[in-house]
Each structure stands twice: as structure tokens, then as C-alpha cells.
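Read from first to last, the chains carry the letters A, B, C and D; within each, the first residue is number 1.
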Amino acid sequence: MFKDIFKKTRYVTIQPAPVQNRSSSEISPQPPTLSKKELPDSLWVKCPKCGEVLFNKDLEENARVCTKCEYHFRISARGRLALLADENSFEEWDTELITLDPLEFPGYEGKLLEAHEKSGTTEGVLTGRAKIEEIPVVLAFNEANFMMGSMGSVVGEKIVRAIERAIELSLPVVIFSTSGGARMQEGILSLYQMAKTSAALGKLSDKHLLYISVLTDPTFGGVTASYASLGDILIAEPNALIGFTGPRVIMQTMRQELPTGAQTAEFNQEHGLIDLIVQRAQMRSVLARLLRYHQGGA
Amino acid sequence: MLQLFDFEKPIAELEQKITELQKFSADKEIDLSQEVAILEKKVASLKKEIYGNLEPWQKVQIARHSERPNFYDYVPLLFEDFIELKGDRLFADDRSIAGGIALFHGIPVTVVAQVKGKGTKENIKRNFGMPHPEGYRKALRLMDQAEKFGRPILTFIDTPGAACDLAAEERGQGEAIARCLLAMAGYHVPVISTVIGEGGSGGALALGVGNVVLMLENSFYSVIAPESCASILWKDTTKAKEAAAALKFTAQDLLRLGVADEIVREPLGGAHKNLRQTAEEVALAISKYLVRLRLETPDVLRTNRYQKLRAIGVYQEISEKSSEILEKP
Amino acid sequence: MLQLFDFEKPIAELEQKITELQKFSADKEIDLSQEVAILEKKVASLKKEIYGNLEPWQKVQIARHSERPNFYDYVPLLFEDFIELKGDRLFADDRSIAGGIALFHGIPVTVVAQVKGKGTKENIKRNFGMPHPEGYRKALRLMDQAEKFGRPILTFIDTPGAACDLAAEERGQGEAIARCLLAMAGYHVPVISTVIGEGGSGGALALGVGNVVLMLENSFYSVIAPESCASILWKDTTKAKEAAAALKFTAQDLLRLGVADEIVREPLGGAHKNLRQTAEEVALAISKYLVRLRLETPDVLRTNRYQKLRAIGVYQEISEKSSEILEKP
Amino acid sequence: MFKDIFKKTRYVTIQPAPVQNRSSSEISPQPPTLSKKELPDSLWVKCPKCGEVLFNKDLEENARVCTKCEYHFRISARGRLALLADENSFEEWDTELITLDPLEFPGYEGKLLEAHEKSGTTEGVLTGRAKIEEIPVVLAFNEANFMMGSMGSVVGEKIVRAIERAIELSLPVVIFSTSGGARMQEGILSLYQMAKTSAALGKLSDKHLLYISVLTDPTFGGVTASYASLGDILIAEPNALIGFTGPRVIMQTMRQELPTGAQTAEFNQEHGLIDLIVQRAQMRSVLARLLRYHQGGA
């Protein structure tokens, strides 16, 4: 069972890991459609921007963008995939990577199980290959519902494998970031996933393969300070909060209250840190054009 | 007087006793040399016992000691020459990162380090060793030059973390750190990173992508400050001690986890007890690895660094085949 | 109504006369078509005479015309698609420089341009087309990406000059421009620079290191603004007209001096009289050179650009031998 | 005669130029010692920083650095050369390049003659090769006394030739900038010397040859925006004024008065634009060390 899969292993770097005779049926990839988890229990939700009360059903049908003010609500990794990829074009990768608890960190196992319950997935990132308007591409999506997309060993490893495969296949890479940062519970191993993913992107760049990083609400900490910031092109979703240190920590440590609008996508663009802000509804089209223009012809 | 921690008090008290005894012996002209000798032996064994079995939180305290040697303290002891080079050529010179060209055992090297201040005034100037994006961009500029001219890079890590204020956000703290990570991973020159004090999170890692990572015995290197971790876990920053243990961030832990390559011995009680001796140990360790790394070709240096990073991480892999078998009813 | 210059008044007056005549003819039902035709012929020849013989200062006025088409005016007419990309990834997005990826005759290209505003409000936003260092660093970033992905670069020059304020000095205006010059000279992709309006000094040149430099008929490209030149030469900024003549900065001058490669025709009276026609001429000229340049190898593109720069300059060289001979008594 | 040498030539790029049968005896290189021009007419001078009245003789003997407060006065190109290069090691280059007046610019000829009178040289830069503490190096020095070291065709050409020869000889380059910027009187030709010198430095950089740029009082405009800013290492002399736009022009065009200390070497270093500030007395030693450390050994 899932609980057993989060088996304790102390101080051993297992790579390639020994084969474990455990079922992965619980964690089989879902079809690329809006997941059931997307639907909260209540029937309606209030837009934090314009205050409009929206029916959850309408919100889902509008790709979780407020029908009145275009506020962009968070959306699951598979929800994004469904909006972006050509139908039936997605091939998921590395579902067989299972998170361990190498530091025997207090409460980590519980958190993992909770995250699994909440997200229906086993980790904070979904990777694979797909086509966008017929253009083949390697994709990765952080899953906000899994420990806020935080980066531990498995997230780092899945992203690196995806990049390495993109190099093998000579494909461009698009990563959608949604993350609170490094995953504290894996300590230094988590921190070094920043270096590991950045190093892989360096190799991709050396091959002159395009990398588009899409920053979505929220992207912070170790993810901002690694793969999310290293795109040839950086796209953000409207009103996404993006930064290195979260506003609460800045308040706590520096006693500094951030001005209104700080760390929004728009703030980041003003400060030169984002190439363009793209509405969710236009994302597929914009990505397709950018990918096409990097194939060396139109 | 030096800052004294609770766990050091038994030693200090015994040492005080010895001083008193010696004074008494001198004043009264009574021979107490045997008694003193016994006590001194006891102090020595007490030191070994206490300093040899420091808990993670105690190491944190030593690593953050106000008299802990900083980068500038090591410079004259490690290098025959050091020419400091400043600025990111873009915005400012960040004094929480220092860098330049140095001569190490006759070899020109590029040196980059985080620098905490000594005392409040210097700490304000150096932002308590917490670099802004311009600091990382200075580091990147200097390291890029080392790559251009084929010079080895030595980095020294000593920071509570990257600056976390509005200015840092405005100027792209994340981007600045990420660029350092990407660049360091790609260099064709030897890179040796030494954690000399605090290794605080991404702000430390930005200088940490070495072929070799050395850690001073009482340094630590963590994904998050123990106080912040305690705050998140138990909503209680005073439980930093427990968090320090949970995070497994001591030199010994990192050696086991495949991040650190070697632990550099400190004098009993910490580097501040004997700077010269510490510097000698640091020089010895750097020298050992630098000699080895300089024998490698540029491509091997780069590949080995990548392989080192590539291997960091702990997880399990279930083969599809075996799971298929098990899925049968 | 459009801004009207003194030298255009005879044309405007004659055109006014024609309008009056036509109205009179219509009102009174008197046939004046022959008279109108004669006057229209006269207008045509007057236009040719005036616009065909513009003095440098008059061209400056046209180049600076408040209705002169700016980069954004050309975008929909030149490109099938344009995705604007912003920011220097360091400090800010400078709106006096725009850039991105465009589709030109089916070819993906990187486009970078200086942009003046239309009207006061937009001009303040765009700093009157005077870029700060962050603008040049954005340009550099986008052009470096073009080099990385092998895309041709099209630049469009239209600036009174680089920003000249304290902020620009603080953030290294000189360094930012110099980096653009160095980088552009080294690219292996085709670079075509088109001066569409004002080419003001180093701030313009920063986008001007093309394999090919095109100049619109009424644009100018100068080492110094004519007003500043007049101020230095004659301590009198009102003598800008004389300075304009002295500086030899028209498209025709630059063609002769080996800086410009081709002059792009404008409609009589200037680009603002017919944007579509101007854009067609610009597209034609760019297309002609782009087709040629794309046939060259990356190394040839780079070498040719260097050779073009290398040859700019006028001086004499005295051979040592001949001077030796002459030194004899 | 000199006057004839500034011959009008219109709109013709002469390169290589036709041999001119004119004497260059008037413009023969001077020996690398402090030039007579270094000595102003008066016996004493007042230090603009500390107000001390200094004997000109003492000032010259102290390399034109105030003996009281170390204020650095301007110094001629040959004065610098004498302070830096190993004795008799200097070989001057390209003395045969003669300035023309391609635009027939009002008053340019007169200015050139005046500059010649004042400086004893024919142009705004002195180039050649020399040794510094036995290390061979290509050197260039702007000459402030020649039209404030402004860059026209000859200055640009001499610098480019020096760089190109450094590439041929695999030598490092050190350039001392002192310049008001581009030379207005040569119009667009002058402007493009910025691109030309920068392009040459790009080639030098591709060969991984060291370029040290030393910025001295004053360095502005087109020179700051080209070769002066492109050093691997940027050194400034204390109290040197360095910037893109001069304070007077900023005042005139922006009505902005610069704060005290703006555009000094120290201001520039504070803003991250200068690697190190070196006293004139230490310049030789610092350059020698940097050059040595770039030879791949000590």
C-alpha cells in the first residue's frame, strides 16, 4: 500500500534504486482531463479579486478563471495538461519514482499521505511528452495540491530526467512552476535539487534547445531560485504571486510590509523579470507560436 | 572576553579553578603542581567529551559565534596575494560577497565568498552576510572570468541566507541565484566550495556547486534555518534545537548524504579558538583536492561535477514489470 | 491637423487654394477643372522641388515630427506576428526599447527597437525614446537569444540619444551600450539595422552594429544632437541648423561615408504622409538584404560585419620609408 | 608642414591610405619620460581637493599626485608611460597615421593644430608594446592634452591596430582612458569608432587574452560607452570623474544637479561599475601582479 511505499531509508543514495516489489496501481496516471480533485466540496466560490460569487461548475468550465474579472484561480497539473496538450498526445514519464523519508523527518510520512489524498498523485510534479498544436514538446507541471509543489528528491529527479530526455530527443521543454520552494523535510537533498535541475537546464541550453518557463501562482523559494527562473522565455499567468521569499517571511524577519501588488506577475514584469504575461485561455496558442518559431520556420 | 555557550561552562569553571589554584599556590608558596596537573588532565578530557559530542544545535551556535573567523580572516593565512575585485557591473557592489584573484600555493585562483561582519557596524555594511542579487551577480561575473582564463575557483560559504527584503525581490533574487547554479555547474575549471560557517539555504548554495564540497567540522549547511523550520513545524521558534536535529545538516550528516566530500577539522571548541590552526587545515584540504582536480581535463571536471549533482537525492524506483506482476489478482 | 513646418507652407497654401477653387466651382456650378488641374500639377512639382531638396535641418524636423511613425506603427505592417518580450531580467523593463520575436515574410526574427511615444503621456512612459541601461540590457538579452537560436536580428533606430540622468549614470549607461556594441559585432546571425527616425549618438549606435545599415530617406544619424553641437561650437543652440549641415548626418551623407548601405525611400513629405507605403519600402529593403544574408555562413556573417566596421574611418598613412627620404636635407 | 598634413579629403575611406610624401619629423615619438608639456608655466599650483599650494616641481616628482591629500592630477600619456613601463622597453606603434578633416568641419583644422601645440603629439592616443616588470604587454594611453583624448578616426584606428597586434602576438592589453568621448568634428565616423574598437575587443576576448581598462580623469561619452567599459578588469584612479554624460549636459538637458561625489571613481565603484581603485604610485605593481596571474602561473 501507499503507506508502505514511503519506506524509511537512511543515508543511502539509491540510484538506480533496487526494484521494489510493490504495487503502483494506487498511483497510476490519470487521463489528461480535469481531475475530480479540481472540484471543491462547495457549490460556489467567491473571487478574491472582484468579489463575484461564482458557481464552481462555471469556474471549471472557464479553466478556473473568474468569468467576471479574469482572476486566475489555481489549477491542478492535470487540469493544465488538459488545456494545453493535443488530445491523446500525452505520454507520462517516471511515475515509478517513489518518495522516501531519508532524514526520518518528523511528520513527513503523514504529510506525504495527506498530500496524496488531496492531490490524487504521488508527487509534486507531473512530467512527460506531448504535442501542442502538433509540435512535440517535453512538459512538466508542478502540482500545487501535493505539498504545494515543493521540490524534494523525486520532483528534482523527475524534472532532470525530463530535461535529459528532451536532450536525447532534441525537443524543447516547457515547465509550469507552482511551488512553495524546496521541501524542508528532505533537508540538504532537497536544496541540491536546485543545483541539479539548474545543471540539467545548462546542458539543454548548450544544445540550443528552447526552454520556456511558465510561472504560475505561487512560485517561490528554491524553485524560483532554480529552474523557474532559467527559461529562455519566462511567461507568467496574470496575478500569479512570484518571488524568492514569501511576504510572511519578509514580514517576520525584516519587519517589512510589502506594498500592494508586490510579487505579482505584473510587479515582476515591471521589474524586468518576466518576458510576458499570458492569460490561461491564450496559453496554448502563445506556446504553440513560440515553439513553432523556434523550429527554424513558421 | 569571548562569547561563552552554556555547554562550555563546565570547561570554563574548571579552567577558572585551575587559575585560582595556581594563584593560591604562587601566593602561599605551596606546591600544588600535582593537583593542577590532575585538573588539567580533567579539563582536556572534558573538552574532548563536550566538544567531541556536540549536538547539531551546539554546532549551530559555534558556526554563528560572533568571533567565528570570516572570509577576510582567512585571506592572509590562505593566500600569498589577494586582489579584491568589486561590483556586478550592473547596479552596485554588494559587500556581503567578496571576491577577487588570489594566489594559493603559487597558483592564481578566483575566490568568492560570503562575508558576515564583525560587530553591528560592519554587519550592517555587510547586511549580516545576506547577499542581494548584485552580490550573486558579482560572484557570477568573477567566476565567469575564472572560466574564461582557466583559473580554479574557490568559494567560501558563510551566510544565514540570501537577503529577504523588497529590494532583493525587486531585483530578482531568484534569478540571480539560479544563474549562479547554472553557471557553476557548467564550468570547465576546478571548483572547490568550503562551508566555513553557516550554510543558509539557497543563498549559500549559490556558491556551493563545487566539484568538491568541504565542510568545517562545526559548520552546517541547511535547506532552511532551524528557527524557521521550528516555526513551521511546531509554530515555535524556540524549538530550533529540535529542528536542528531533524534537519540533519551537520558536516557529518552531509558527508553521509553525499553532499560533502570531506570534513575539515577545527581546534577543540571551534575555529575561533585557533584561527591559524584552522586556516592550516583548510589550506591542506583545499590543496589536496586542488592538486587532484588540476590533473583532470576541462571536460572531465565539468562531467564529474554534473555527475556529483546528478547523484544527489534519495528515492525508490519501482520497475513497471514487477508492479505489473503484482497487480494481478 | 498634422504639425506643419515653415518650408511646407507654400505647398499647404497652394493646396488650400485648390480646395477653395473646388468649393467655389461646386457652389457656383462653374467648371474650373482646367484651372484646378494646372494648380495640382503645380503642387506636385512644388512638392518635388521642396521635398526633393530638403536641407539637413529640415530632415531633422521631419525625422522628429510628432506624427513620425514609430516602431509600433510599423509592427503590424512589417510582421505577420509579433510576440513582445520584456525586461532585462536584472532591474526593470524599459519601455523606450521594445523587442521580441516576430515573423517576417515567414521567417522568425528577433526584433529590437527604440520607441518614442506619441503625445506627452506616452512620451513620459517611454522617456522620450531615451533608453536607460536596463533598456540596452534588455536588447542585449534578446539579441543574445537570437544568436543562440540562430535567428536573424532586425533593429530599428529611433532615439534622441541614451538617457542622460543620474539614474542612467548609477546603473552604468556606458557599460550597457558598450556591451551591446561588443555583442552585436560578434553575432553569427544576420543583423540588419534600420534608422527609421532619429539616430542620436551612442544611444542609437547601441542597436546599430548591423551587417547592413538602412536609413529612411528623412532620417538622420549623428554623433551629437545638432543643438548640442551648436552649443559647443557657437555657444548658441539656435544655430542648430548650421550644426546640422556641418555634421553631415543625413542618409545621403552616411551612404557616402560608408556607414549606411541603402536609403529607403519615403513618400514626398515624409513617412507620416503615408505609413503603409513607407512600411512597404522598409519591408522591401529588409527583405532584399535578409535574403542575401541568410545565404551566408555564420562565420562569413560575422567576418563581414567586422570588416564593415573595420573600414569605417578616414585618415592618412605616411609610410616610414617615404618620410625618411624627405627628411634628408 | 603639420598644417598641410591635415589635408581635406572628402567622403573617401582611405584604407590602406595612399603614401603621402610628407615629413613626419615634426611628429616623431618622444622618449618615454615626463614631457616638458607636463610643466605648466606657473611655479606652483593649488590642490583642488585639500587647497594645499604645491610646487609644480614637487608635484611632478610625485607623479602629479598631491603630496598632502593624494589628489590625483591629470598626467600626460607619456608621463604615464614613464611611470609604468620597464625602461627602454617601449616600442611605439602607428605614428604615421594622420588625421584628416573628412567633413570639412568648421574650425576642426584649427583645433587640431592647437591640440598639437598643446600636447606635442599628433593625436589623442599613444599606442605600442612594452614590458611591465618584464611582462610583455600592449599599451594604449589617451592623451588628455590632445582635444581631451576625444576619439576620431585615428584614435579608433590606432586602438584597433594595437588590439589586433595583441591578438597576433598573444599579448594582454592595458588601455588608459582619458577622454571627453567621441570627436564631434568627425561626425558619424567618430561615432562608429566606438563600434570598431568594441568589435576588436570582442576578438581579443575570444582569444582569452586579458584586457585591463584603466579609467582616469576624465572618462566620458563614447569612450566610456565602448573600450573603456569592456575590460575584464576595470581599474580607476582615485577621484577620477567617470561617466557617460557629463554633469554640465545633465544639468542643461535634465535640469538635474548631480549630488556631490557623483561620477567619481568611488561613486562608480559603489555602484558596481569598477573593480578596484588604485593609487598612481601602486599602479605599476598592481598591473604587474594582475598580468602575471593571467600568464597561468605566478
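Just so we're on the same page, a contact is a pair of C-beta atoms (placed from the backbone, for glycine too) under 8 Å apart; a residue touches a chain by one contact, two chains touch by 3 or more.
Computed from a prediction, not measured in an experiment: that's the story for all the values here.
S.K.: What chain is the most remote from subunit C, judged by the mean position of CA atoms in each chain?
M.R.: The chain farthest from subunit C, judged by C-alpha centres, is B.
S.K.: At what distance in angstrom does the C-alpha mean of subunit D lie from that of subunit B?
M.R.: Those two chain centres are 44 Å apart.
S.K.: So the centre of each chain is just the mean of its C-alpha atoms; given that, what is the distance between subunit B and subunit C in Å?
M.R.: 55
S.K.: Centroid from C-alpha atoms only, then distance subunit A to subunit D, rounded to Å. What do you get?
M.R.: 54
S.K.: Where in subunit A do residues touch two or more other chains at once?
M.R.: Those would be 205, 271-273.
S.K.: What are the residue numbers in subunit B that touch two or more other chains?
M.R.: In subunit B, residues 89-91, 171-172, 175 touch at least two other chains, as defined above.
S.K.: Drawing the touching chains as a network, do you get a line, a ring, a star, a complete graph or other?
M.R.: other
S.K.: What are all the chain pairs that meet the touch criterion?
M.R.: Listed by label, chains in contact pair as A-B, A-C, B-C, B-D, C-D.
S.K.: Can you list the residues on subunit D that touch subunit C in the complex?
M.R.: Those in contact with subunit C are residues 5, 7, 9, 11-25, 96-100, 102-103, 105-107, 153-154, 156-157, 160, 182-184, 186-196, 198-199, 201-203, 205-206, 221-222, 224-230, 243-245, 249-250, 252-254, 256, 258-259, 262-263, 271-273.
S.K.: Which positions of subunit B touch subunit D when the two form their complex?
M.R.: 80-81, 83-94, 101, 103, 106-108, 134, 138, 145, 148-150
S.K.: Spell out the residues on subunit B that touch subunit A in their complex, using ranges where they run on.
M.R.: Against subunit A, the touching part of subunit B is residues 162, 164-166, 168-175, 177-179, 181-186, 201-202, 205-206, 208-209, 221-224, 228-229, 231-233, 246-249, 253-254, 256-259, 305-306, 309-320, 322-323, 325-327.
S.K.: Taking the touch rule as given, give the residues of subunit C at its contact with subunit B in the complex, in rising order.
M.R.: Counting only subunit C, the residues touching subunit B are 89-91, 133, 137, 171-172, 175.
S.K.: For the complex, which residues does subunit A have touching subunit C?
M.R.: 205, 208, 210, 232-234, 269-276, 286, 289-290, 293-294, 296-298
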